[in-house]
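Each chain carries a letter (A, B, C, D, E and F) given by its place in the written order, and its residues are counted from 1.
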Amino acid sequence: MENNKRYQAGLEAMEQLFSHEVRNGMEGMKLISPDLWEMIVSFGFGDLYSRKTLCHAQREIITLTSLITQGAFDQLRVHLQAALNVGLTKEEITEIIIHCAGYVGFPKAVQAMGIAGEIFKETKE
Amino acid sequence: MENNKRYQAGLEAMEQLFSHEVRNGMEGMKLISPDLWEMIVSFGFGDLYSRKTLCHAQREIITLTSLITQGAFDQLRVHLQAALNVGLTKEEITEIIIHCAGYVGFPKAVQAMGIAGEIFKETKE
Amino acid sequence: MENNKRYQAGLEAMEQLFSHEVRNGMEGMKLISPDLWEMIVSFGFGDLYSRKTLCHAQREIITLTSLITQGAFDQLRVHLQAALNVGLTKEEITEIIIHCAGYVGFPKAVQAMGIAGEIFKETKE
Amino acid sequence: MENNKRYQAGLEAMEQLFSHEVRNGMEGMKLISPDLWEMIVSFGFGDLYSRKTLCHAQREIITLTSLITQGAFDQLRVHLQAALNVGLTKEEITEIIIHCAGYVGFPKAVQAMGIAGEIFKETKE
Amino acid sequence: MENNKRYQAGLEAMEQLFSHEVRNGMEGMKLISPDLWEMIVSFGFGDLYSRKTLCHAQREIITLTSLITQGAFDQLRVHLQAALNVGLTKEEITEIIIHCAGYVGFPKAVQAMGIAGEIFKETKE
Amino acid sequence: MENNKRYQAGLEAMEQLFSHEVRNGMEGMKLISPDLWEMIVSFGFGDLYSRKTLCHAQREIITLTSLITQGAFDQLRVHLQAALNVGLTKEEITEIIIHCAGYVGFPKAVQAMGIAGEIFKETKE
């Protein structure tokens, strides 16, 4: 697995997106399903995040929006951190969530903003 | 209604996003519900699209992603056109949809790309 | 099947909700799956619409809202007609859709209002 | 902000819907995003809940249904309390959830009824 | 209620699907809404799980997939246990979740796999 | 692209699932986005459908269920045909949809059954 180019590209993208601590948490998946872990890394991060045309910050705009829209709030946490790591500011992230209010309604936007508030507190500069 | 600052801001944003023809089509809403039309213009476009921090192209990234994620394919059509109007390229739009494949699954991404293909044909430069 | 009390209750509820023409269209389901048809009538309409505490108009508020929220726009058509049949007015239906805009976002509310506009035209008094 | 008619209408609606304690909890949003707070109050509650034709109880039927249908169970809690505050009875709320079972399936209805059970216990008269 | 054939069929199906402990937990619903409980047992389990053509293992494939797709992760827990009880293996359950990744995207598949990991640990043979 | 093992596995799976005519239709994606086409074939069909433990018929149970649950009715059409091609019978497919009624509600189940009725007519033996 470790020799695979796609898998390596995925690991590199994950290093830019997530802190060491978060990646350790995510790696727990290897113990449950090594195959799903391989797909997450190779496809989810390798194939997608290493593509050109859109930078990581733009890709995180897409990821955050999709997670908010589908109400995937557990995964939203780590991607809010990733968004900050790749250069989106708190103001930009706040704006993404506000913009979502018109497209998914207030319940999901409100829940997302609450989580963002917690993440922002944890990452106070 | 027409004096309202929020409504005017909405009309201005809509002029940058949509062609005259598309806006005429959207205005059919006035005949069904003038109040919903007022909210669409004032809140949906006025309050959201005239905000700072994110430009219209970034806002269309969010809008497209949310529409694809929720499977709102009828509204996706006009926003694909809007995305091109505010400066997103066909390559960038294609990348947004590809990125969505990992977050919403292939069925919705495939349907979105099919629609994008139709819109791209119609707007061949 | 026809002796079943739940099924009979369902047929009675459907007579109050839907025109003869609409019910004929729905009965096409008998040819595809008689069992699903039985469940639609007995559970969907018999068990639910014949319950006390909420009248049919209130139940149609719930049904319309759920269909709009899940984007089930094909089924929305017959229930918009049902809503009018059980006493909800065009103004009330319009208000239900407007209220949804805040809870599901504008894309689905806009699509629902467009369909309502078509149904209202067809049922011009 | 406080001078704005829409914002004031929103605050008034919120006083009828939510207890002092719940409103205090909701106001935490001001610290994360004052702009989203302004929209929640002005649009979410001001523009929507102060409209005519449907009373607050009917509007809560719509809100509860939409929240259950989209699985927004965190926001469902405060709106179950709001529903009781504006005059919906426990029997009526129970019926709304039961009716949803046919339209969104049993998983979401079951989860909603479990939460309603907790809210009912807390508000034992 | 207890005499009803559909209700009895439902109780029998539930005995095959769920442990005594889980069924006790589910019966808490009787105290909140005896009517919803009756529908869960009679329709949800009686009418559906006692049907022919598909065995319980195949029905659990459908149930697990639908719960993952709609993000109903609370109900997923008891159905992961039910799936093991009716003969699906951990490998088969893992494969169902992996297959879902392509159809609902990675966020929901990842969350489902995490929950499956917890259930598998609890049921270590 | 054509040398890639994953891509070849995907093409082989697609030959078992879809008729020549359907595959031709799907290949239109190559003209819009060759990259998304490569992912559909390599990941969607290659990585997923060539895995062991679950046979194609079981995988189609999952696919159909997920499409119905998310309301992806356009993609449902080709997968209903695929399900028949890999050995699921009309009775089994009908049962899958009926089972979904309890988990996603009747609107989506009814729409799915209507489409199944059309597909069954087209493939009358």
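One rule holds in what follows: a residue touches a chain if its C-beta (ideal position, glycine included) is under 8 Å from a C-beta of that chain, and two chains touch if they have at least 3 such contacts.
Values in this document were obtained by computation on a predicted structure and should not be read as measured data.
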| item | value |
| --- | --- |
| Interface residue overlap between copies chain A and chain B, same or different (over half shared) | same |
| Chain at maximum distance from chain A, centres defined as averaged CA atoms | C |
| Higher-contact pair (C-beta pairs counted), B-F versus C-E | B-F |
| Rounded Å distance between chain A and chain F, as computed from the means of their C-alpha atoms | 29 |
| For chain D paired with chain F, centre-to-centre distance based on mean C-alpha positions, whole Å | 40 |
| Multi-chain contact residues (two or more partners), chain B | 35, 39, 43-44, 47, 51, 66-67, 70-71, 98, 101-107 |
| Contact graph of the chains (line, ring, star, complete, other) | complete |
| For the chain C and chain A complex, residues of the former touching the latter | 101-107 |
| Residues on chain D engaged by chain E in the complex (per definition of touch) | 71, 94, 97-98, 101, 105-111, 113-114, 116-117, 120 |
| Complex contacts: residues of chain A adjacent to chain F | 35, 39, 43, 47, 51 |
| Touching residues on chain C, where the partner in the complex is chain F | 28-29, 31-33, 35-36, 39-40, 43-44, 66-67, 70-72, 74-75 |
| Chain C contact footprint on chain D (complex, rising order) | 43-44, 47-48, 51, 53-54, 58-59, 61-63, 65-70, 91-92, 95-96, 98-104 |
